[in-house]
Amino acid sequence: MTPVTQALLVLLLPLVSAAVIALFLRRQGGIATLVSVSVAAALAAVSLNLILGGERFTASMEWLRFGNFAVSLGFKFDDLAAVMLFVVSFVGFFIHLFSTGYMREDAARGRYFGGLSIFMFAMLGIVFADNLFMMFIFWELVGFSSYLLIGHWHERQSASDAAKKAFIVNRVGDFGFLLGILMCYWVHGTVNLTELGATHDGGGIIYSRLIPLLLFCGAIGKSAMMPLQVWLPDAMEGPTPVSALIHAATMVAAGIYMLCRIEVLMVPDALQVIMWVGTTTALYAALCAIVQRDIKKVLAYSTLSQLGYMVAAFGLGSSSFELNGVAIAAGVGAAMFHLTTHAFFKALLFLGSGSVIHGCQHEQDIFKMGGLKSKMPLTFWTFTIGVAAIIGMPGFAGFFSKDAILLLALQKNPAVFAILALTAVLTAFYMVRMWKLVFFGATRSEHAAHAHESGFSMTLPLIVLAVLSAVGGYSGIFGRIAGSVAYLVPHAEGADHTTILIVSLAVMIVGAGSAWWFYKSDATDTLEAKSRGLFRGLTVLKESFDVLYDYYVAKVQQRFAMLLNFLEQIFLAGLIIRGCAGLVGLMGLGGRALHVGSLHAYVYWFLFGLVLLWAYAAGVF
Amino acid sequence: MFAAMTPELLQAAAASNQWGAIFPELALGCLALLLLVLEILLPKSAHARIPVVAILGQLVLLAVLLWNFAPTGLERDTFNGLLHHSRDGQFMRAFFLVSSILVCLLGTVALAKQKLPRVEFYHLVLVVTAAMMLLAQSNHFVLLFVALETVTVGFYILVSYFRASPLSLEAGLKYLIMGALSSALLLFGIVLLYGVAGNPALPGHTAEAMNFNALNAFLAANPDNFLAKAGIVLVLAGVAFKIGAFPFQIWIPDVYQGAPTPVTAFLAVASKAAGFAVLLVLTLRAFAPYATLTVPILSVLAAATILFGNIAALTQHNVKRLIGLSGVSHAGFLLIGVVAAVSTPLALGAVYFYLAAYLLATFAVFGVMTHVAGANDAEQELDHYAGLARDNPFLAAVLAVGLGSLAGIPPLAGFMGKLFVFIAAFKAGLYPLLTVAIVGVVISIYYYFGWIKAAFFEAWRAPLQEGEIDDRPARTPVAWPAGVTLGLLALCTVLLGFYQGSFGEWLLTR
Amino acid sequence: MNISLNHYLLLSALLFAIGFFGVLLRKNTLVIYMCLELMLTASTLALVAFSRYNGTMDGNVFVFFILTVAAAEVAVGLAIIVALFRLRQTAQVDELNALKH
Amino acid sequence: MSQLPFDPLFVSIATPLAVALAIAFGLPKRYSVKLAYVGFAVPALLALHCWYHFPAGAGADYVFATQYSTGLASLGISLKLGLNGIALPLFVLAGLVGLAAGLYAIQSQAERLKHYLMLLLIMQGGLMGVFASVDIFFFYFFHELALIPTFIMVGVWGGRDRNYAAMKLTIYLTLGAMLSLIGLIAIYVKSGANSFDLVTLRHTLVATPLAGGLQKHLFGLLMFGFGILVSLWPFHTWAPLGYGAAPSSAAMLHAGVLKKFGLYGLIQIALPLLPLGASQWTTVLAGLAVFGNILVVGFITMAQRDLKQMVGYSSVMHMGYAFLGIACLSSLGAGGVVLLMVAHGLSVALLFLLTTSIHHRTHTFDLNEMGGLAQKTPVLAAFFVAATLASIGLPGFANFWGELTIFVAAWTYSKVLTACAVGGIIISAVYGLRTAARVFFGTPTEELARVTAAHPPADLRWSEKLPAIILLAALLFIGFWPKSLSTPLNAALHPAWPAPGALPLQTTSGK
Amino acid sequence: MTANLMFYVFTALTALGALGVVFNRNTVNAAMCFLLSLVGLAGLFVLLEAYLLAVLLVFVYAGAVVTLFLFIVMLLDVKGGRRSPFTKGTGLAATVAAALIALGLLSLYNHGRIAAALPAGPGSGSSLKGYAYQLFTTYLLPVQIVGFLLLMAMLGVIVISKRQAGTEDGK
């Protein structure tokens, strides 16, 4: 098989799986699971073959053409795509595997695995896309599959609402994304990623700033940057493996991937904006994570925060980072590096939390857990590796990738560096807080007391991901899959190296230590008890966006809609149309009333007509 | 006196009068007389057959007429220029004959409900028909007047034919007075034209002052003569009464309502068509040089007629008045055609097609009305149609087709008629009139649709409460001749909408 | 002043106008009908005058027809009025308005 | 090309009409229903046949062309049938939606089913004729033929407010039809070609274009005439009302296919024949489309509480995209419009079908009284969500391609308007998903619980599923393989079209 | 001069008679005025040398039509004098109408003058033979039609004024 055929196979296999499940296997959950997982396995194998095979290629075919305008279905498989493909297929497979155990009792398993397959299809489409139109198409499709999977338990009002919210918020981002694509098409004459790199001549100054910013809107929506971050925490209503796959490891990272794809279009001003959006989100989400009680919400905010890191990294480093006098897209390297490691450890953490939730009969409140260390040892140890990775414990994957970002920040913008460092402190704080509350101390609820370790299908993915979280940061691993992308990752030298090392160690210790010290396995939130003001402030901070949006939707948008509807009913359909009809009707009544039945009246009519005619003949008119 | 009748005179009489050219009219007259003779000769029990004779005789005549529809040497004057035969005349002959047959048929249904002399009815219809044929072909004011008066007097009698009904008589009286008034106007107009055209002091004066061709020549020589204008205006007023153009339409609802339903149909179709035939002849031939006078007048009349007819019909509940007022608006559409015909030959064909479609549809509707109406002919309300679709789907379908065609809904013939008129009007550049026409069509949808609604939508009339009496008249069962005729009318309406064939070619190719 | 065609024409028009006015004014159907006849005869006057001054026969012959037609019309009209009177006991037009609206 | 021994276009028009005629002449009910299957299946199959056999190199030419004389040759009217790349997609659309609507109707428990089917068959015949006609007179004629049954069906079989709705529908559509008729007549008369044949007209008008001022008037007539028929804001209020009242099959056929007549007329007739006129109306058209149809109606759609009204309003909103595409005056925009027409036709028909199916199960259209239906009827929910997503332009469904192409085309016309129009995708997502969620997801409301307790709702029956599958399959097929339509469309649009930018946007003088 | 005088006399007779028809409250008197008017008209016909028509007018109109009118008036016993020809409501309308009609006459008087001299020789209407010739050649067809018209009128009068067939005759 040629590499193109392999890529096509990788793309289409999940589609076939989804179609087969949708058409024939809706009620045969077992077979559906089998089909979906084996397809995931197959495509992971083929992808691995593609990635390690070293063949990089482009191929495309026309999908639609009107005159000069053509949309093509094309593959651009380079090292960047390879990294992403690895993340998607590999993490994806293990999450499929995990799901077999996690969703074993779900009646609608068929639908679930069909959704997963559609997601794989859509996500791989983004990975392979060689042009922005195609990327947009799959961009929307991942949104759709996310909608499907968040709303898996649709009978829950909250799940239904969350799915809807995710889709609509993403649409808002896509609005800008699509505009950006359109502008890109008309300014540069193409949206093909390869051609864009070749023909990019900047365009007008407004265009060159606006295009990347509009395209970034897509990333804002998909990667849940501020101010569109609101959907991601709600998306935790979906089954936990979905959160792991879609809302942590892959889909939300697609925004960063997309930014890296269009790196050639970037200009400094736009990058500044992107950087600040990323930085703000990172800090904000970390602050919010501190006050969460729901294990998945903590992870969701942590995901937000880490995505903020990646976006900030991209904004910090792209285009103008010089290493040894050569401009390299260091931001791309740093962002993709963190994306990859984050995919490993965040998927691990989510699956771990899934294992915990599964073990605790779907209890998600961390204050109702505790003492699970002994009950779920495998989960505990893998989870610990994940925590270590995310808080940047030296030697673990997160340490390297986070350091690369901090290094960039240090060199480019001290303010950002400070914020990101603070964020790192907070990250360590909330992760350790959660870790400690879940696994240590006394069990605090009935469910937790009866917790048990999960089955093999669930623990195997945990182990594999734990291994990757531990070693994924070493260039032997990342360099092997990332190829040239790995070279873009900035490496600290000399004084910077020391600074970064010290800072990152310090923030980790401060954050983790304070959390360990602060939370003494209480049944209540210590922070809430000790520092009411701070707690409330953070809660308000977290909720303010939801409140604002809810206010907008319910009070502004809906009332505006009602007002327009009212105006239409009253003025257009009522006053104008019924009015006209009424007027004509009145004239009709009048016309009818003219027939008074009296001969004389009729003779007067004749006289009237005659006078008019005569007058006209006499030249009066 | 007899001495004056020299052989030369007789010869001259024979030479100048070509009776063969008016064989349909003669045949109709003879048939009419035959009916009276039969009434005297046949025993009373056989009197019921006389209408059959009338109808069959006319059918035979129609067949003969159609058989030799385009005789050689058609375009000519006969009877010393009193008549002008043309293909349009042939068309109108057939038109009147068909409507007469249909009226006779409806008459059999309507008169069966009344204890009235029957034979006279058919006699009158036949004579009126013959007179209308001559009217349509007249080329001379004397003949025009005499034929017109024959038609009018015949209608006076026919309208008040249900002499037991005060409404019929009242309608007759109203028609009588308005008709006589309009005749007087027309006559005075003729007199003025005669006086001015024959005046030796004026250039181009003519001895044949009442002949249309001569009048045309005279008017062409005197482009701005007040008396001629006054005459033309008065004649137009007289004709406007016949066709029911604004503001001479005011009599229509009352008379239509009071008249027996078949007579209403006759008035609505044949009398109106006769008016249009005359109007076309006058505007296109006799008054052609005064187009600057006639065209604005007819245009304004057309617009006002369309608007008035439609608006007044909008809230009407009595279906006879409704159809009368809708007929007024149709007159407006036809007037547009007449105006267009002044500059566009195509419009002539359009008017004739419109008339044909109007005939089919109107008789279809009147056929249904005749069956739905009770003995009291004048009170025909929309309410009476409730449930028609359920009780008698055939009648309802015919009604729908007829009304649809009148409303100008494709694929029915009425739409094609309107289309041709519109095309002609557009070719003639009558944009304001087209605007009015569109407004008219849209308004008209309301009441036509309202009628269909009554027959179809409100099919499920609530069952009668105890003690409540169904005020709707009992419907007449549909006998097969009427059924076949109605079916044919509906079918032709549909067919003519889809496929005009040689009929369309014949009418529209000029 | 010599009597000219204009005199006759004007008289005819005057008669016509009076007749018309009568139709407008009177309530009695019989009188209205008389007025209508008056209008017809007004026309005949103009016709005869025109015929005389134009030197053609047609006008005069036309009067023949007009008189005949008028006679027939009168016969039918009076029959209708009589029949209506029989049913409604009135010959006043303002009482004959069962047909309206 | 076609290998059939008969003329597929004529047969596809004549079959439903012939069946309708047979029913009208009193065919017994049993046979009526059986024949109705034939009447609906034949046009669909022939349409697919024509699609499959449509020659790739047809360009702007008409294929499968035939001509029949109807007796109006002197006016230049003849029944000339044919398909070009623009007509083909809509012809197929008519066939498919007709089949779906027909199948749905046959299985429905409508009163007086025979007559219902008869009217639907007449409509179907008319629809096939609209898109197969090369003669613009017959194009109009068939439209009206299809329109009349709509009125009657709304009036007789309609739901709430059927009297008012039928009347309003009739009057509005008559007004629109009259304006467009006058416009068509105007083209006929002013072109001097003495022919209603579109090909002849096009040749004549390309050789000697009409004066710019005249073109402006004529295009205005057609634009508003067709616009009313397609529910251009603010002449749209008939649509939600009418669709709300219409029986499902009538709404499917009207909203799905018949409504496309106006857009098709603008693309196939008005734009190529009156390019200068069009260029003077684009501002108005695009403005009404974007601010009226997309934004205002979009928001109004959000405020709807009635499911059927909501679908009706959303259909009005999506027409805004189509008008915007037309206002671009480019083959790209026109191509997008045709794609959108097909897609919207399929999706809105599907939505109306499913709406009725929902009503059968909930006995209400009020969104506030629904909820959680998906637990009882998962398949229905799946179809409805799919239809909703299709109509809001999710990729993978045909609608996306139409909207995308229109957006791309509109960008060169006006960036601001494009941005507003793209904003519409958010609005449609809001109301679409909200509706789906209200009906199917979450916990059932008390009212619904009561109703479902009384009549336990069954999931989608095959009689409902089959037409839905036909429509959804078509949506997906085009969504995944847009080239199947865009290739002939592109071939037909390009030669007939002035190049983008070739038209001066403000022209006051013509030839 | 005599002719002129006669013209004015007859004119006065005709016009006053006509006015009498319009304004006389009594129907019988109105009919009598009509008769007067017709006599005047006949006189004018004589002045115009249309002797035959003058005779016919007197015979047909005065003799037949007015008699018929009188007969019917008597038959119906209409109390014509019961009310004024003017009623409140119609007064204004009638005045306006009169004014309009007068305006029409005025316009005719102003614009409609015809300058025509009396042709030499006897009037064409004086010859009886001329009528006969015209009626039997040029106007033969109208004569036939008028025959039908009269027959029809006769039938019509019978149909309309017969007693109700169903009610009286039938029983």
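Should a chain be cited, it is by its letter among A, B, C, D and E, assigned in written order, with residues numbered from 1 in that chain.
Note that contacts are C-beta pairs under 8 Å (C-beta built on N, C-alpha and C of every residue); 3 or more make two chains touch, one makes a residue touch a chain.
Fair warning: this is a prediction, and the values are worked out from it, not measured in the lab.
K.L.:
Which chains sit in contact with both members of the pair subunit B and subunit E?
P.N.:
Chains that touch both subunit B and subunit E, as defined above, are A, C.
K.L.:
Relative to the centroid of every protein C-alpha atom displayed, which chain's own C-alpha centroid is closest?
P.N.:
The most central chain here turns out to be D.
K.L.:
More C-beta contacts across A-D or across A-B?
P.N.:
A-D
K.L.:
On a C-alpha centroid basis, what's the spacing between subunit D and subunit E, in Å?
P.N.:
About 69 Å separates the centre of subunit D from that of subunit E.
K.L.:
Could you put a whole-Å number on the gap between the CA centroids of subunit A and subunit E?
P.N.:
101
K.L.:
What whole-Å value do you get for the distance between subunit B and subunit D if each is reduced to the mean of its CA atoms?
P.N.:
43
K.L.:
Just curious, how far off is subunit C from subunit A if you go by their C-alpha centres, in Å?
P.N.:
The computed centroid separation for subunit A versus subunit C comes out at 96 Å.
K.L.:
If you look at subunit E, which of its residues touch at least two other chains?
P.N.:
If we look for residues of subunit E contacting two or more partner chains, we find 90, 93, 97, 101, 104, 108, 111-112, 114, 116, 119, 138-139, 142, 146, 149, 152-153, 156, 160-161.
K.L.:
Could you list which residues of subunit B touch at least two other chains?
P.N.:
142, 146, 149, 153, 156-157, 160, 163-164, 169, 172-174, 177, 181, 195, 199-200, 226, 230, 253-254
K.L.:
Show the residues in subunit D shared as contacts by 2 or more other chains, in ascending order.
P.N.:
none
K.L.:
Could you list each pair of chains that touch one another?
P.N.:
Listed in label order, the chain pairs in contact are A-B, A-C, A-D, A-E, B-C, B-D, B-E, C-E.
K.L.:
Which residues, counting only subunit D, touch subunit A once they are in their complex?
P.N.:
168, 234, 237, 241, 296, 299-304, 331-332, 335-336, 372, 374-375, 378, 389, 394-396, 400-401, 404-405, 407-409, 411-412, 415, 418-419, 422-423, 425-426, 429-430, 433-434, 437, 440-443, 482-483, 486-487, 489-490, 493-494, 500
K.L.:
Given the complex with subunit D, which residues does subunit B contribute to the contact?
P.N.:
Within the complex, subunit B contacts subunit D at residues 346, 397, 400, 404, 409-411, 415, 419-420, 422-423, 426-427, 434, 438, 441-442, 445-446, 449-450, 452-453, 456-457, 459, 498-505, 508-509.
K.L.:
So in the complex, the part of subunit A that touches subunit D is made up of which residues?
P.N.:
26, 62-67, 69, 71, 108, 133, 136-138, 140-141, 144, 147, 151, 154-157, 159-161, 163-164, 167-168, 171-172, 174-175, 178-179, 182-183, 185-186, 557-558, 560-562, 564-565, 568, 572-573, 577
K.L.:
Please give the residue numbers of subunit D that touch subunit B in the complex, ascending.
P.N.:
Those in contact with subunit B are residues 24, 70-75, 137, 140-141, 144-145, 148, 151-152, 155-156, 162-163, 166-167, 170-171, 174-175, 178-179, 181-182, 185-186, 188-189.
K.L.:
Touching residues of subunit A toward subunit B in the complex: what are they?
P.N.:
584-585, 587-592, 594-595, 597, 599, 601-603, 605-606, 608-610, 612-614, 616-618
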